Structure formats: C-alpha cells, structure tokens
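There are two complexes below, and they share subunit A, which is joined by subunit B in the first and by subunit C in the second.
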Partner chain A sequence: MNYKTLKTDKLPELFDKIKKAGKTVLAPRKKGNKAFFSTFDSFDQITFDYVQSALSPKSVLFPRVEELLTYKNLDDSYSIKEPELKDEVVVFGMRPCDGIALDYLSDFFLKENPDKLLQDRKNNTTFISLACKKFDNDCFCTSVGSSPAETKGSDLCFTDMGNGSYYVEIVTDKGKKLVDAFPDLFADSKEMNKVEQLAKVPVRFDLKNITTKIPTVFETNIWLDQSLACIGCGACAYVCPTCSCFDIQDECNPKGGTRLRCWDACAFGQFTIHASGHNPREVQSNRWRNRVQHKFNYSVENLNTISCVGCGRCIRVCPAGMSIIEHLISVEEA
Partner chain B sequence: MQELHNKIKSMLEGNSVALFIAYQKNSDGKITPTFITKPEQIKKAYYGDDCRQNLAVYVHKHEVKHFGKVGILANIYTLKALLQIYAENQFKDDYLKIVTVNPKGAVVEFANFQEVENYISENKPAPNPEYVAQVEKLSNLGREERWNYWLNELSTCIKCYACRAACPMCYCTKCTVESNQPQWISAPSHSLGNIEWHVMRAMHLAGRCIECNECARVCPMDIPLNLLTVKINEAIDTEFGQEAGTKGKLDFALSTFKVDDKENFIR
Partner chain C sequence: MEAKNMYIPYQMRIEKVTYEAPQIKTFKLKFVNPEDEAKFSFKAGQFGEYSVFGEGESTFCIASSPTRKGYIECTFREVGRVTAALANCEEGSIVGFRGPYGNTFPMESWFGKNLIFITGGIALPPLRCVIWNALDWRDKFKDITVLYGARTVDDLVYKHELAEWDSRKDIKLIQTVDPGGNTPEWKGEVGFVPTILEKNPPSSKDTIAIVCGPPIMIKLTLPILMKLGFNHEQIFTTLENRMKCGIGKCGHCMVGNNYVCKDGPVYRYDELLKLPLEY
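Coming up: the complex of A and B.
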C-alpha cells in the first residue's frame, strides 16, 4: 500500500477540484441530527459531526429505485434501451465498516452473474472512508471481525491525525488515480501508526460461537422471543449496507414502459407470498429468523463471509428499539 | 414502579392475561417494548414520560393475538389509539386488559372502553407546540410553495413503510400499496410513487389519526409525516365536529351519508 498526507484545510480545495474535473462529490450533510450522503454547493454544508451516516453508501451502487431498461412498442416491433451510466462520483466520509459492506455487495451482484449496472457504478465511483474517531453504543464492528482501522473495500482511507492533516492510505488503483490527479494537494508519506487516533470499539460477542451455533438453533423459540417487538417495517433492511434484496416493477402503458429495480425487504409479509396465496414465512418471527440467519449463516454458505459489518444502523433506526447485538448474544447463550 | 409491578403480577397470576405488553428501560437508557409472560420478567416493566412508542400497534399482531388474553400498559396516545380501534369494531370482547399510569403516578386499570373514554376526556394531551408551529408555518405558505415543500420532503422517502408499521391505525391486513391486481398506486419509491403513497395513506387516516406522531418519530429519513394527518384532522374537526380517539362510538366523517348534509352536490 502507498501512503500520502493531505492538510485538513485543503479538503475544500480537493472537493472543488474534483467537481471542476466533472465529477459529483457526495459527503455527509445534516438533516435534523442525522447525516445523509448528499451533493453540496459549499464546504460549510457538509458535516463531520456524526458517528454513522443514517443511510449507507450502498445506495450509490444500488439505488433504492433504478431503471433497468425502457422499451417502446412500435407498429410491428419494439425497441429496448438500456441505461448508460457515465457519471463519475466520489463518495467522501463513509466509515471503514461500509467499505467491507461494499465488498460484500460487489460479491453478491458480480460473482455469479455479473450485474452490468452495479459494475458500471462501481467502476465510476471512488469511495473515500473517514476512519472513526468516535463510536456509540450501537457500533459493534470489532465483534464481527472488523475495526475502525479497516481499509478493505475503500478506495482511499483518510484518518484525521489530530495534527492538521489526514493520513491517506491508498487502497486501490482507483484511489491512486484520484490522488495522482491532484499532486499539489497530497504529500508523500511513510506508513504511520493510526490506531491511537481511532475509536476503541468494545467487543460484544464471540463471532465464532455465533456462526457455529446459529445453524443449530433454527427450530427454537428464540426467534419468537426476539421478534415480538418487530412491527414488520423494512427500515433495518433499507439502512443496512449489505441488504441486497430487490423487487422488479414494470411501469407501462400500451406505447411502452420502464422496468425498475427497487429495494425490497424480508421483513415484509409480502416478500415471500406465493401466487397461490400461501406464505412460507407466515409470521414475523419467521421473517426475523430469516434476516439473522441470512446475515450469519446463509451468507457464510453462499459467499463464504457473514453479511453484517457492525455499523449499528439497524439498531439506531428500529422503531421498536430491537438490537441485533442483544439477539446475537441470546443466540450465543441459547 | 412497585405498584405497576404488583398490578402486572396479579393479572398474570390471576390468569386474567397470558401476556402483558409494557415498556422497559435498557442499560443505555433506550426505552423498548417488553413482552411479559413470566413472573421473573415483571421487574423489567417501566413507565415514564419518556415512553413514546404507541404500543397499540401490537394488539393487531398475529403472534400477540395468539396468546389469547393480553394486557397492555398504555400511554395517553396508546389509549386514544385503542379507543379509536374499538370504535372501528376491531376488538373481540375480553381480548384486552388496559392499564395506564395517571399523571399522579397511580396505576389505573380500565374495566371497559367507556372508562377509557372518560379518562381521555379528563387527560387530553395538549397539542405538541412544535408541530402546531410547523403546521401553521406550512398553512401560511402559498399553494405552490407548500406543494414544493412536500415534493422535496417526500422525494427522500425510501418506502420502508416504518410509518405504516408504527401506526396503530394502519391495521389493514392488505394495504392498498400492496395490491397489484389492480395496482392502485405505484410501488417504486420514485417521486410519483412516494407522493401517491403518502397522499393515499393520509387520506385513509383522515379523521382516524389520533396524533401520536409515531410516523414522524420512526421515519429513517426524518420526514414530518404527522403534519399531513394533523392538518387533515383539523379540517375533519372543523367540518364534521369529529375528533379521533375521543369516543367509543363514532359517525365516520368519510363513510357516513346524511340527508341534511350542508353541501348541495351530495344531496
């Protein structure tokens, strides 16, 4: 890996130059007390005062609704047009855990049957993570095999060293390309010890115990106990950086139409309902079990990795205050 | 809290309920619902001004109904929701035992919905001044500005349906948005689909919203959805003199026909 430094007061200039080069910059902006990745006109609109963004940067690669194709009915034939994605995007300020999630998302969409749209978006986007200096009670990255020092999945990783400069780790070629484009802003650096600067997130459970245990507790009552509070919304799945389920919707009229890919969530009763009316996940406890089993069991079977990065968003957003940390501890103790 | 714990204990031991739904305060200060079926769980039950979630949402839940007789610790908005749900004929007799903690801190158990109605009329919650100010601010905008405000807010909706799930009055087993034969409204969360969804939901809550503001509290995108139904309620109250969650017997403004209606077109 190569290393650079960037003076913190040069960040606005970096963003300006990236924008002048024709790229879109997304950075956290506050709405109320939540931070959302958003475009901005001036640097003072963005915020550094957040533990975690409310939505993950997943939506940059996998938007909540996206056009797969449009078609037109002609007199005796039809025409189909697929979208061409050319916009180049730089995402700044995601947390290191989100990088790991982006890697998972890429595996999911690209490994077996590569999804062109996601591939194009990934090629066109540079993800810059900003390592965590603080954490809250819902953060548990260190319990799921990661930490605020993680660089995997980010293109560049910035750490505020507390001395007026960012320590910049160049993780990928895409990251290197961005840094190389602005040589007057970045200075060469040797490898530094950044860990002292970072949040010390406590370990809450033993992951090995959970991945070993979870396939054996499928037919137990713990899912009902855990999910009585679940009100069956999709908030946890939609803020989750790795949840990748989608629904296909066609919007059409006799002249033509559009095929859309939209987020979907296994917490919804309609998610598994069959055309016959039969629903194999008839009650919320079945649906909740699926969510936890997917993250810590099925993902391991399918993609050889768990699909939870410990970002804590599902806990912060849950209308009923459910905590996956507590639920995993109850699996460990079951 | 001891009086509350004793009450739950006597209800469980006397077999008057098999499940008691209450609040608990976790070590990090977060308030969550708790589902008490065993005596050793009773000590978790908590009540305070910080108990915001409207627990009435659980009375419709399949797994909760499965317990048979259910007890519920209700804040004033949960009481209003339960009374409105009762007015809409959604309860079997004897399904629910309702308990609240009154402003003096005493535990009150209701024998029937008439008592709930009386309690609500004596303990009517004051409108939240923050929401009153927001509604007033929006009402004073021009029509176009107001439309743009909502276009902008609703464009951020991700359609996670937390607003619907957290709403005690959204208890349909199949929501209009889920109907695909015919598809009444657009399912994707693009701007049009979002507007159709929220306008439809607000209309279905006209005169039924009990103003617990849960929809706004739970929204991951912080959209002030409650302002829509609060404003519609204002109109229903002015035009039809009806207020949701205050009476056990209601003439429903939007599903009742009167021959002496003041509008000509309807006669």
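Coming up: the complex of A and C.
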C-alpha cells in the first residue's frame, strides 16, 4: 500500500478540483441531527460531527429505486433500452465499516451472474472512508472482525491525525488514480501508526462462538423471544449496508415505461408469499430468524464471510428497540 | 468478466392462447427475433420470467418439452397484477421472457427406469415438460405413469392432452378429482391424490417418483412413497417459491442458504431434507 498526507485545510480545494473535473462529490450533510451523503454547493455545508451516517453509501452502488430498462411502445413490438451509467462519483466520509459492506455487496453481486448496473457504478465511483475518532453504544465493528482501522472496500482511507493533516492510505488503483490527479495537494508519506488516533470500540461478543453455534439453534425459541417486539417495518434492512434484497416493478404511461428495481426486505410478510397464498415464512419470528441466519450463517456458507459489519444502524433505527447485539449474545448463551 | 444487463427480456409473440380451466390459460410463445431463437435452449425443469410491459414480471416454469423446438409454452393462473395483465393478452401480442433459469431434472440418469409422476392442480405444468420429454424419448424408459388430481373436473388442466395420454398404450394415466368435484360423466377416480396413490401402489423397484403439488399433497404423499419402499434418492420435486430476479440476487426464493432459482428449483428428496422447512 502507498501512503500520502493531505492538509485538512486543503480538503475544500480537493473537492472543488474533483467537481471541476466533472465528477459528483457526495459528503455527509446534516438533516436534523442525522448525517446523510449528499451533494453540496459550499464546503461549510458538510458536517464532520457524526458517529455514523444515517444511511450507508450502499445506494450509490445499488440505488433505492433504479431503472433496469426503459421501453417505448412501437406499432407491433417494443423498443427496449438499457440504462447507460456514465456519471463519475466520489463519496467522502463513509466509515471503514461501510467499506467492508461495499466489498461484500460487490462480491455478492459480481462473483456469480455479475450485475452490470452495479459493476458500472462501482467502476465509476471512488469511495473515501474517514476513519472513526468517535463511537457510540451501538457500534460493534470490533465484535464482527473489523475495526476503525480497516481499509478493505475503501479506495482511499483518510485518518485525521490531529495535527492539521489527513493520513491517506491508498487502497486501490482507483484511489491511486484520484490522488495522482492532484499531485500538488497530496504529499508523500511513510506508513504511520494511525491506531492511536482512532476510536477504541469495545468487543461485545465472540464472533467465532456465534458462527459455530448459529446453525445449531435454528429450531430453538430464541427467535420468537427476540422478535416479539418486531413490527416488520423493514427499517433494519433499509439502513443495512449489506442488505441487498429487491423487488422488480413496472411503471408505464401510454407511450412506454420503465422496469424498476426497488429495495425490498425479508422482514415483510409478503416477501415470500406464494401465488396460492401459502407463506413459507408465516410469522415474524421466521422472518427475523432468516435475517440473522442470512447474515451470520448463509453468507458464511455462500461467500465465506459474515454479512454484518457492526455499523449499528439497525439498532439505532429500530422503532421497537430491538438490538442485534443483544440477540447475538442470546445466541451465544443459548 | 464483462457483465451484461441480465434483465433485458426476449420479446415473444403469443402464437396461441388455450383456455385450460377457470382462470388458467396456456400461451404458446415464439421468438420475435430469429437470432434469439437460434441461441436459446433449455432443459426439462427450468423456468423463466414472463412479463407484460408496463405491468411487471411473473415466474412460471417452461411447460413445453425441450424436444419440441421453435416455441415455448407456459401455463398460469390469474392471481395478481401481472397474471391478470397476461390473461388479457390476445394472440399476436408481444410479451417479454427472460430465461431459462434454474437447474434441471436429471432425465439422463433415469434411463432404463419406470417413471411415476404424482401431481395436483396447477402443478401439472412443471411436470408436463418432463412428461412430454419422456414420451419423446419413449424407448429410454420403462413404464410411465401419471397420477393427476384436481379439485373438480373443470379444474383439470390440459384436458385434451389428458385424453390423448389416456388413449395411448405407452403411458398410464390415473386421473382423480376431490370428493364432490366429480360430474355424472366422470370416469376417473374420486379422492385426494395420496389416497388414490395408496389405492394404485406403484412398485418402488427401478422407479423414479416425480412429485409436484400443493404443500399439503406433498406432505401426505411422501410417507406413502416411503411405505412403498422408495428411498430418498428415488424422489424428485420442484419448488415453486416466490421469485423476482431468477438469478440468485433478489432474495425472495431463499430457503436456508439456497437460492431456489439457481440452486433449484429441482431437488432430490434427500437434498430437500437438508433445507429448513421454508418452502
């Protein structure tokens, strides 16, 4: 890996130059007390005061709603057009855990039956993570095998060294390309010890115990116990940086229309319902079990990695106060 | 690997619409573009995503046999938005099709054996593909038996083909309708599929059982087959989970770590037993 430094007061200039090069820059902006990735006109609209963005940058690769195709009605048939994705994007300020999630999503969508839309977006986007200096009670990255120092899945990783400069780790060729485009802003650097600058997130459970145990507790009543409060709103899946389930829907007008891919969630009662009315996951505890089993069991079997990065968003957003940390501890104790 | 947009459907023209039963129709579909037809092939057991532009996609098996080239057929019941829109399509209109998806029945491994198909209601279409495939390769198999049941006489699908199979010497057809579903002219059996199976017990020796039907039929049929001496490796089924993408991404059809759309839909019974009961 190569390393650089960037003076923190040069960040506005970096963003300006990236924008002048025709790219879109997304950075955290406050809405109420939450931070969302958004475009901005001036640097002072950006916030640095957040533990975690309310939504991950998942939607940059896999939008909430996206066109799979558009069609026009012809006399006797249809003319079908594929979307062309050319916009180049730079995302700044995601946390390292989101990088790991992007890495998982890429594996999932690109390894088998590769998804062209996601691949194009990934090729056109540079992800810059900003390592965490703060954490809250819902953060548990260190319990699921990562830490604020993780660089996997980021193209560049910035750490505020507290001395007026960012330590920049160049993780990928895409990251290198961006840094190389602005040689007057970045200075060469040796490898530094960044860990002292970073949040010390406590470990809440032993992941190895969980992944060994979880396949064996499928038929137990812990799922019911843990999901009695669940109202099936699907908010956990909406904010989850690795949840990837979707629905396909058409919209049309008299001249043509679009086929859309929209986020969906296994928490919804209708997610699995058959045409006959039979529903394989009939009750909410079945759906909750599927969510947890998918993240800590099925993902391991299919892609050799868990699909939870410990970002804590599902805990912060749950209107029923459910906590995946508490649940995993109950698996450990079952 | 250079990815391509997997969601672009083939355009297919409806050659023929057949009314099968109340709310059930069969479409015979031909490729609009001859190049699409030339590169298209499938095997028994696979399915596809059929669409009406502006309404959406719906998942059905390919109900015709891969031995019959140049067209595919699908049979569907009008249940929701897409199937209602499909049912309104007339001969000559264009629908979308993506596929074929999923694994296949290992028919080559059944050569030299007896086949018994046990099915009910709208679950005959996924097996019809296999049945015609087997009939077109008739000398490869020993006895072929079809046990098919529906709620009422009216609800039986493929009535013309049932009559044809009934008159053929090289296939044995046992038809049944649920008690109360029979008419005065009905010559078949009356009773639920598992009961009729017990009444006409097939030999398990050198026999492959292909079972597809509503969950309750499967649940009651399997113990009878076990009692008749069938082992798990002799029984096949195809799962009909809800699907959206067909390529192992959308998550709807997941049963345990399996994506039924790519790891299935065809399962041998011993493979099925490894999955959680979420189908």
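We take it that the second predicted complex is superposed on the first by the 331 of 334 C-alpha atoms of A that agree within 3 Å, B and C clash if a C-alpha of one lies under 4 Å from a C-alpha of the other, contacts with A are read in each partner's own complex, and residues count from 1 in each chain.
In this section, a contact is a pair of C-beta atoms (placed from the backbone, for glycine too) under 8 Å apart; a residue touches a chain by one contact, two chains touch by 3 or more.
Everything quoted here is computed from the prediction, not taken from an experiment.
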Which of subunit B and subunit C A:274 touches, first, second, both or neither: second
Which of subunit B and subunit C A:218 touches, first, second, both or neither: second
Which superposed partner A:137 touches (first subunit B, second subunit C, both, neither): first
Partner with the higher number of touched subunit A residues, subunit C or subunit B: C
Subunit B versus subunit C as contact partner of A:184, first or second or both or neither: neither
Partner chain in contact with A:319 - subunit B first, subunit C second, else both or neither: first
Contacts of A:110 with subunit B and subunit C, given as first, second, both or neither: second
First (subunit B), second (subunit C), both or neither touched by A:283: first
First (subunit B), second (subunit C), both or neither touched by A:247: both
Those residues of subunit A which subunit B touches in one complex and subunit C touches in the other: 247, 249, 251
Touching residues on subunit C, where the partner in the complex is subunit A: 1, 3-9, 11, 32, 51-57, 77, 79-80, 83, 94, 214-215, 240-242, 244-245, 247-252, 254-257, 262, 276-279
Residues on subunit B engaged by subunit A in the complex (per definition of touch): 26, 28, 30-33, 35, 53, 57-58, 61-64, 158-162, 164-166, 178, 186-190, 193, 214, 217-218, 220-222
Residues of subunit A that touch subunit B when the two form their complex: 31-32, 34, 36, 54-55, 64-65, 137, 224-225, 227-229, 231-235, 237-239, 247, 249, 251, 260, 262-263, 265, 268, 270, 283-285, 317, 319-322
Interfacial residue positions of subunit A with respect to subunit C in the complex: 68-69, 71, 73, 76-78, 80, 82-83, 108-110, 112-117, 119, 218, 244-252, 257, 259, 261, 264, 266, 271-276, 278, 280-281, 286, 290, 293-294, 297-298, 301-302
